[in-house]
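You will see subunit A twice below: alongside subunit B first, and alongside subunit C after that.
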Partner chain A sequence: MNGDFHYYATYSAAYLAGYTHEESEHIAYCANLVDLCTRTFLRHINGPLSAATSQLQSELAGARTDIIGLQDITRIWASFHFLPKDLYSKVEHVSKHYRDKYHLICGPNGDLLVDTVELAKGKGLEAIGLAMHVLADTWAHANFAGTPSLVINNTDYNFFELREMEDGSTKRIPISFGHNPVTKDDLDKGAYTGSLYQSSERSIMNLGHGRAGHLPDYGFMKYEYVPAWANYKPIIKDNPSDYFHAFSQMVYALQYLRGTIDTFEKDTYDTERIAQYEEKIKQIIRTRKTNCSEEWKQFGESLSGQTIAPFTLETYEEEYLNATQEEKNNTVLGRFILAALAQKSMVTNRVFASNNYLMGFSVDFKRYGFRGLKDFRALLNQKEDRNL
Partner chain B sequence: MTFWQRFMRILGSLLVILVALVLMSGAGEAYPIIILVYGFSLFFSGISRLFFFFTMSKNMVGGKLDLYRGVFLIDIGVFTLSLHSIPHLYVLLYLTGMLGFYGIVEILGALDSRRLQGHWMMQMARGIGSILIMFLCLFFLNSPDTAVIIYALGLIYTSILRIISAFRNTNIIAIQ
Partner chain C sequence: MKIIFILIFCYICYILAYSEYNLIEMEKQSLSIEEKQRLLTKHLKTLVISGEALIAFGLISFLQTILSSLLNEEDQLANYLDETSELPVGVQFGILFFVLFVIGGIFASIFILTGISAYKEGHGKKRGFIYLIFTFLLFVLYSANLVYTILQPSSSDSVIRTFANILLFASIVYCTFDILNSAIKSRKLKKELGVTYER
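Our next item is the complex of A and B:
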């Protein structure tokens, strides 16, 4: 998903869930920040590098793909952008290594989504925004895994857009992929940019939906393709439907996080609350544009009657930079960083507990004490502060 | 990285350094060893590709390509191993040809990384280095001892990088 959905659509969902304009803007800011909180940004604000929730192209191009490098990449992408749907799904006659990768395939309504939303409860608006990003991406990025893997994320040349025509019929239009990242996607000609085929299992080109380009990120796109893992069965990815589900699930989850609903359950959507806006929302999602920020912004502003400030990464930088070491955790970026560390830690723990080491090791603190990356000590300090 | 993986990586690299030192001390007499090392590395690359096919890519759409690649690499490996009885000149030409090919692949990869605004200089340096070594080997075609020493230095450099990478941090804490 792009910034249009993560920022403006999240704002709209938060407002519909009952948050104020300011709170909704804050949640939307943090939801969008997930795509921009890279090591380069954290280095700039002198923050803990382990809290990275995304990687720049330049960081990825230079990333190591040995075991440690892969675990680092997987912790980032599987925790925040490709949340695994089912860590225990059955797949027969395959090696353990294949099964481990298969279990990281992203999808909506998994157990980890419930864990993600529950983890954010009571942790502030920053954690809520972060959780909404993860939730929305489970819909957009379904069928791809947040780890470099040829055998899971590769696609072949069978790609077709199922475009709805004005007369109501559906046309099957072939999609072609170029590999020059500078070239813009041509929606009319069906020419898109995707990552280059690399025969190496661990190549960074095989991370997430790279091989399918930005198709999963476009709300209007309905397409048919053959994923590497699907045993030659074509899949129809219906983004307009998925994006609408994502929006209505966000409204439901945000009500839970706000405290107006007691439990968060899978496969539940608040279609009632958004019923009167359904047509408008679907119309925005179906708009054939690579960036629908303007449409979502207008919708959000029509709901609250307030102007939504454009997203700027630097908004809370000064606050964080000027805070003393003790005060940093009470700043917006400080709380976001803690939420990111907690999410990464939780997902790594769940994956490790499923006997899958693709995200690295999770150490039982009660048995072994603190070990590993020192950045995560902040979570321990936070827990101790709460207990005082 | 687990302790075993770390241990194997270091051990493998130390063995390659040992082979490189043997090559340097034997110089001109070392061609059969080079052929042996190179032939077996291609052969085992093929085996590893076949292993990848049977454990991973047989479940993947279009995965049969790995089966063909594995068989091809094994074939080239066996061919390389059969070169032990031909004049050293041809062996050196064959090896430098392969080195040049590797260099070109590295340079193309670096250009790709550069286009993606990634780190490309090291890769470019490796590519240019390989091409330079190829030309040096061609230049010293009549002096096989020097060519072997250049080849061995390349092996030592790669092994040291692998050893350094084996010492990277690995754990992560989880607090529920």
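Our next item is the complex of A and C:
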């Protein structure tokens, strides 16, 4: 999803779930920060690089694609943007290597989503914002995997937009992809920008939904295509419906995280609470624009009656930079970093436990003591502090 | 060495027969519309890929003919020269190269045009049956070529060259078989599903 949904729509969902204006802004900031917390940003604030939740194109261009590099890439993208739906799904007559990648395919309402939301409970607004980003992306980025893989993420010329015409009929419009990253998407002509076809299985071009361009991130887009993993079966991706489900599920999840509801369950949406705004929300989602920030902002401000500050990445930088080493974990960015480390650690552990090594090894601290990257020691210390 | 080549040939035949058997078994069951749509997509995709392969083979065979004539085959071409002729040797070589060029070009054109037709049919354009006749002729020709190369490898060719030729011929046989199989099945499925040719 784009920043318009991750920031303004998350704000609106948080406000509808009962959070105050300030809390909703805070949650929305952290939700959007997941797309911007790259190693470049972390270096700038002298933060732990293991807490990266995204990668710039320049970082990806220079990334290693050997086993270690691929595990690093997969840890970031599968943990925060392409949360696997089912790590134990059945797929027959395939190699283990293919099955491992198949299991990383993202989708909504998976067991890992429940783990993600429950992990954020009681950890502060930063963790809540991060969890909402992950939740929203499970809907937008469904059917793609957060690991570079041609055999999973590739698409071909069978790509059509299913556009509803004014007379109510549906027109099947062929979509073509160009590969110039500077060119803007032409919504009228059906010309979009996607990543270049690379026959190498592990090429960065085959990461996530790159082969489908930005189409999964456009709320108005309903399209039909044939993913590489689907064995020639076409899939219809109905973004208007999915985005509405994402919004209503966010409202439900936020109520659980706020303590209003005792449990968080899959396939549950709070449509009652948003019933009076349903038409407005659907209208915004269906707006045929690449960026609906203005529309979502107006909606959010109409709910709270207050002005939503535009997203500024540097808002909490000084607080983190000026804090002492002991105080860093109590700053906004410090808590966000801890939430990111916890999320990455949890997802890596679940994937490793399913006998899948695409995200590398996960160490059981209780059994073996601390092993691995020293950045994650902060999680152990955080747990020990809470026990005290 | 002959035994190895025969084994490779048998393995290729086994792969072809197995995949065809699987498809026949699938099609014997009553398939839903979604399954038929999926099979149609698969066959059309096969036409595109095999069509592209056939175009590549056409270009390769043309280059092979020209380059082997220019670089290696001079000794063999010398067998066709008539020393008693009034024409100078250089002119005779020139005529030979030209004839080889034309023949190689015609042969490559058959490959390329057949490949383009398969490619276009894979993209939903209506094609006649003439290109399928050429595909069948290529299939028969290269199957015979393959069998002959396995059973009677040329004494002048090295083992590596013989093996490379076998791989090339086997690939062409597989491609042409794929195109024939997918074209016939896709047309049948299109009729059943009522799909038109215009995208």
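Quick notes
The rule is short, and it goes like this: the second predicted complex is superposed on the first by the 388 of 388 C-alpha atoms of A that agree within 3 Å, B and C clash if a C-alpha of one lies under 4 Å from a C-alpha of the other, contacts with A are read in each partner's own complex, and residues count from 1 in each chain.
The definition used in the following text is that contacts are C-beta pairs under 8 Å (C-beta built on N, C-alpha and C of every residue); 3 or more make two chains touch, one makes a residue touch a chain.
Just so it is clear, the structure is predicted and the values come from calculations on it, not from any experiment.
Contacts of A:61 after superposition: subunit B is touched, whereas subunit C is not reached. In the superposed model, A:226 lies in contact with both subunit B and subunit C. Of the two partner chains placed by superposition, only subunit C is touched by A:234; subunit B is not.
Contact with subunit B, but none with subunit C, is seen for A:199 once the two complexes are overlaid on the shared chain.
Of the two partner chains, both subunit B and subunit C are touched by A:156. In the superposed model, A:98 lies in contact with subunit B only, and not with subunit C. Once the two complexes are laid over each other on the shared chain, residue contacts for A:348 go to subunit B alone; subunit C is not touched. Residue contacts after overlaying the shared chain place A:181 against subunit B, while subunit C stays out of touching range.
Residues 156, 226, 231-232 of subunit A lie in contact with subunit B in one complex and with subunit C in the other.
Within the complex formed with subunit C, the subunit A residues making contact are 156-158, 174, 226, 231-234.
Taken together, the subunit C residues at the contact with subunit A in this complex read 34, 37-39, 41-42, 45, 123, 199. Residues of subunit A touching subunit B in their complex: 57-62, 64, 66-68, 71, 75, 94-95, 97-98, 150-151, 154, 156, 180-182, 196, 199, 201, 226-232, 342, 344-346, 348-349, 352, 359-365, 370-373, 376-377, 379-380, 383.
In the complex of the two chains, the subunit B residues touching subunit A come out as 1, 5, 52, 55-57, 59-63, 65-66, 69, 112-113, 115-120, 165, 168-176.
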